[in-house]
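In what comes next, subunit A is part of two complexes: it sits with subunit B in the first one and with subunit C in the second one.
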Partner chain A sequence: MAIVPKIDVGDNYKEKYGFFDPEKYVFKAKRGLNEEVVKEISWMKNEPAWMTSFRLRALKVFFKKEMPTWGADLSKIDFDNIYYYLKSTEKQGKTWEDVPADIKRTFDRLGVPEAEKKFLAGVAAQYESEVVYHSLHKELESRGVIFLDTDTALREHPDLFKEYFGTVIPPADNKMSALNSAVWSGGSFIYVPKGVKVEIPLQAYFRINAENMGQFERTLIICDEGSFVHYIEGCTAPIYTTDSLHSAVVEIIVKRGARCRYTTVQNWSTNVFNLVTKRAMAYGDATMEWVDGNLGSQITMKYPSIYLMEPGAKGDVLSVAFAGKGQHQDAGGKAVHVAPNTSSNIVSKSISKAGGRTSYRGLIKVYPGARNSRSFVRCDALLLDENSRSDTYPTTEVDEEQVKIGHEATVSKVSDEQLFYLQSRGITRAEAETMIVNGFIEPFTKELPIEYAVELNRLIQLEMIGSVG
Partner chain B sequence: MGFTRDAVERLSALRDEPAWLKSRRLESFGVYERTPMPDTRRDADWRQVDLKGLDLESFEPFQQPDGAAPAPSIPESLGVLAQRGTGAATAASSAAELERRGVVFCPLWEAAVRHPELVERYLFSALRPDRDKFSALHSAFFSGGTFLYVPDGVSLERPLVGQFWSAGTGGSTLPHTLIVAGKGSRFEYLDEFLDDGAAVSYVALHRWGEQAWQFAGQRVRLNRDAQFQGVNVGLGGRFARLRMEALLEGEGSSARLRGLFFGTGRQSFDFRTLQDHLAPHTTSDLLYKGALRDLARSVYVGVVRVEKNARGTSANQANRNLLLSEKARAASEPILEIENNDILRCSHGATVGPVDPEHLFYLTSRGIPEPVAERMLVQGFLSEVLDQIPVAYARQVVEEELARRIG
Partner chain C sequence: MADFQIEDLRVSVEGREILKGISLGIDKGEVHAVMGPNGSGKSTLSHTLMGHPNYKVLGGRVLFKDRNLLEMPTEQRARLGVFLALQYPVVVPGITMSNFLRTALNAKRGYDGKDKSKAIAPKEFRALLKSEMGVLHMDDSFLSRYVNEGFSGGEKKRAEILQMAVLKPEIAILDETDSGLDIDSIKFVSEGVNRMRGPELGILLITHYTRILEFVRPDFVHVLVDGQFVLSGGPEVAAALEKTGYAEWVKEPQAAAQEA
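Let's look at the complex of A and B:
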């Protein structure tokens, strides 16, 4: 057998994403969570009174709600040991020159400004709790597209903001959405006017630098009738021995005939708990697409969902999860059919290796009256070694007769025949495995902008090489 | 009235049970008293179950009917044991043949006295009384029941049948079936649960059905190279919960599980299945199919678990639901938990939907009236499982009942 170059996955993450800068801040809230901290965040942001009371109400809900008893093991999270708000710079940059040098260096290393030049129409970069850089093509701005960080949007577009904020995911939806509603900071606000198609993707990059940090961005996207937008988010963090928490809320409204695609390449370091609530409302003939890749974090619990509110609405979820040593990816998708003639399609691909665990968890719900709804869920899991684990927990609740619902799942290993075939062509076992895994997740990579696809393939290749030999 | 400690003592005294059995009953009663009713909102095992309207206090803990069960007659069987409540069993068995081959087939209370070495060892070795309130209730108050022991290497060509008759409303029927299959033995066994007048028309069935709550647990432990084939048929009851669990503990063992149900009126079914692969080279294959009409509903929750050292496993699980009315409703939750990668294949599938309109179109385009075409499609859908019911008598009973319900 060929000698396989051994590259440790953790080491590689460390040099590429896992570096950290000395912590600098202009304001840091006290460790832990209480009314004072929440009031302080709101005061720092100079928010209107309604938002302050919204936050305080949400905090009460958070304290009242119990932790979920299902899904991944969250008992390790110590809510009292987390910093809920950290502001690292006084003002937001419109050009990279405005961004403090050390923060800019971080995003340089992550390749954000370079990607912006090459293939993005707008970029937001969030560092700890606040968005430190923001840009949008002049042309889009002139067509009425709004792409701002959520805090600025609250100040500059208060009416639009208030009309939609918290309507898709109310604070009481679950414990984590209540937490986010109480301490949210940063995130993206996008409004695409009627008929405007944003052909080039917008991107946000989320970076946690400090230890024991909690990042709670809040994203709100409104696609007005007949519009289109593709939003991409990426995220990384340094590797610490203590845990950090990332808990976002993403609300999306896709109006009649509009289409929204939301792509995530989640690559948090393995000390981050990633507990995210993402939900979209799709109205008449609208299309919502979640393309959700989960490679990093210690524990992820995230089930992007689509509420199909009016006839002709369509929803797609494409979920890919990769769990290595010590990781548990509890991911999936939900489609809720409220109106007749709606369709949804969920495809999940998961890979577990080196003791990692992937779980698909999903829901298909059809309410009475949602006649002629169609939904299909397909889950494929690949187990690369004996110590890894894969679970599939789909739930189907159908309260309407004239519907067609299907679910199929398989769990398998890399087949010996495929390996034998490739090896007989002179390809080493490690390369062959990598090729098979890349082929397995191709439905995902082919949906990514090319630059991301290349990057993802490279990531998985590195992860794979460490796995054999 | 009600399930009390005193009632346990009275029940135990009826048959003069051995001390070990009585103390097990009392112990289980303690568990029953301590255990709250399942929380159908929080407890994953009971999610989507509607227990409203069930009042355990309203039931007689056991039945002492006047008459024994009707004398059974199933010509093709090797033996039938019919029981009603705590009454005496009536049997129609080829006793001589069973005895000659060392087979024990008798009411459980009798076996507890005559074969304590077998009964004491195996009774409740598969089902734990402390699992939930109903398991505890059953362990404390099981009355009537069948014991079947087939020695090593014995194979029986004709099936054995246990029949349980309920003596009307307000009572509880808690029979316990214990089957011990020796190495290399081979046989078929049929459990039949009947209301008085089960053979009468649909309406009567429906009326009884409105009132019966059923909680059934089946657990099969398979040793090396053992094979099990089980079919569950759900037709009656206001609420019927059937738990079928196959533990593949021995290398090379295999289980083939089939389920068939047809709900009408306000019937509600709740199926929970487990295919637990604990040993290498084990195989399981599950198929539960059912149709729902009127306001009937069903919940299917099935788990396939492949444990750490179960290499070379193959598991399949499928649940198919046909909705035949606007208000019928089905929920399906097939679950996979795989901890070993050296598996041949694990897969599952679930579907919920009406009769395929394309199939319907095809048949009607051939001049078949729509109601007839629909009937044919439902029959065809259900026959996949119906044809696999191993005992001819049971197949016939189910077929007739299905024909009546398909209408």
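Let's look at the complex of A and C:
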């Protein structure tokens, strides 16, 4: 079966994704964060001077900014106990044979090469701080599509890179984006030329292996006019008793008439803090779609955003959050209407069980003059037991009168009547609960490529059956 | 003793005794109609037989295949061959009818996700659905719709009978399957039921009205009032009820009220 959509499935997670390799590296920065570490990372990567100073400026911002006082409890993060850069291999493979055997074995176990053969047009595999494998269909390459790891893109396409890098999410946007800007490594760089439609998805797989690791990938996607790309990312890590940190920045520019879909299924182990800033700018008649699944991690704070910059721009955020024991998924979406005749649609589905907590946090902002803008937000929460929790924190700021804004929120429990109905057809209680949960997130699942959807349903089944005493 | 034997069943709901000692034997091949006015305990009977958690058994037994059903969880009753067509079928969003039917059928066949040989083959499953849906005048689009979501009253009841046809129970309890249906739907549903009638199936047909009994002819009719059977007999009991209503047994004038 295919890779990715994976949720924390207890013993099952341990067996499937929670394994780890003995730590081997060609370079490992000292624990903790200071100017020296940042300079060292930049020096290791042989970066141009502008990037080194960009990093150092960002570091200052990071030190200056306070931790957010809203959202999930981040007091447990010990920034001094984290390794900010770890390089496991000297070179990046263009074939899997080029990848060191133990790392390749990891991605084999995660099913990445298999999925690549079956249904992907390009694959990036990041292990710790660096991308260790990269591929792209020849045909797309010849049509001018660029799909590289972000470090290579900086070297090979410096002008294109510099034109867009940090323009959507400046370092000072928030404390975590400042951190990422200071120590970023890896991630994907995608450029789709005018009118080119990449019909088969591109995928990146992010793997943390080492303990107390910080992974800070940086992704930049530029969809030129009239183009299309679907990018999928998946993430897993071994289970350690100490904490790891994943803090990515994803910037997307969707030009006139283009469409970009960005699908995430993060299934980090429950010792990972996942604090991610994702934002897209959508221009005239462009469409940006975030399909965002948060299943793993100890704490996730992530609110994919869309800035609707020109008339006709359209943004969708479709997200699912699953919080089990000890997890807090603080997720949502933001839509900022800058221009007239723009529309946004945010649908959030959350499931809490065994004391897990989900929060929807969202923003709809309409600037003066963004007439005839439409926005609709729908949050549905499903609670599987009395100990679990779900909250909604919607913010709406509308400075224009001619708009249509809608918001609906529901909180429900798995009903006795549904369970009885399914059980009266011979289905066990555990299976019935699984069906109800899978049905609840179906609006999300149906947007995934079929291989991922099947895997997601199967994993929820494992999780649900394991949860019934 | 009958194939399906209810013995002195007493049941309470929210602390109030609703069924006050019901006994009834159903042999396979028979159709028993249970008729009664609102509040007589009809739905309590059907839900208790299937094991709904809100219904508390105070006493009695229900024997089927040498087992006391009342001691079994709902899904095992179903797997043993008991089926309940609900008066108000429940919506399950996001789950297609096709997925639901296949999961239920596989559960009954003992498929637990491991031994693939127990699961129904896709081709066989499609053929089964095609023939049964034809009888019920249901088109293929049913299969891709979510369970009972947006179904009309008639569609819901036909979907219940389709589930029954797929699961092939030995004892089927039809709880007010006729309520809220127009005459065409009653005919389709009745055709579906009649097609399954035979020596391998016992039916407990619960209804307020005599109308469906014109299409599904019962062998026995029992009148349930205030949690007890007040009269049992052959089809002639239904004919008599058609004329007199329940007034004879019911003190309050609510008997003629529409079923909700």
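By definition in this document, the second predicted complex is superposed on the first by the 460 of 469 C-alpha atoms of A that agree within 3 Å, B and C clash if a C-alpha of one lies under 4 Å from a C-alpha of the other, contacts with A are read in each partner's own complex, and residues count from 1 in each chain.
As a convention for this text, a contact is a pair of C-beta atoms (placed from the backbone, for glycine too) under 8 Å apart; a residue touches a chain by one contact, two chains touch by 3 or more.
Note that the coordinates shown come from a computational prediction; the quantities given were computed from them, not determined experimentally.
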Partner chain(s) touched by A:Lys404 [first = subunit B, second = subunit C, both, neither]: first
Touching partner for A:Thr395 - first (subunit B), second (subunit C), both, neither: first
Which of subunit B and subunit C A:Thr69 touches, first, second, both or neither: first
First, second, both or neither for A:Glu417, with subunit B first and subunit C second: second
Residues of subunit A touched, compared between subunit B and subunit C (which is higher): B
Touching partner for A:Glu97 - first (subunit B), second (subunit C), both, neither: neither
Partner chain(s) touched by A:Thr428 [first = subunit B, second = subunit C, both, neither]: second
Overlap of the subunit B and subunit C footprints on subunit A, listed as residue numbers: none
In the complex, subunit C residues that touch subunit A: 50-54, 73-75, 77-79, 83-84, 86, 89-95, 99-100, 103-104, 107-108, 113, 146, 163, 167
Interfacial residue positions of subunit B with respect to subunit A in the complex: 42, 44, 48, 308, 311, 323-343, 345-354
Residue numbers on subunit A that touch subunit C, as the complex places them: 415-418, 420-429, 431, 435-436, 438-443, 461
Residues on subunit A engaged by subunit B in the complex (per definition of touch): 69-70, 381, 383-386, 388-413
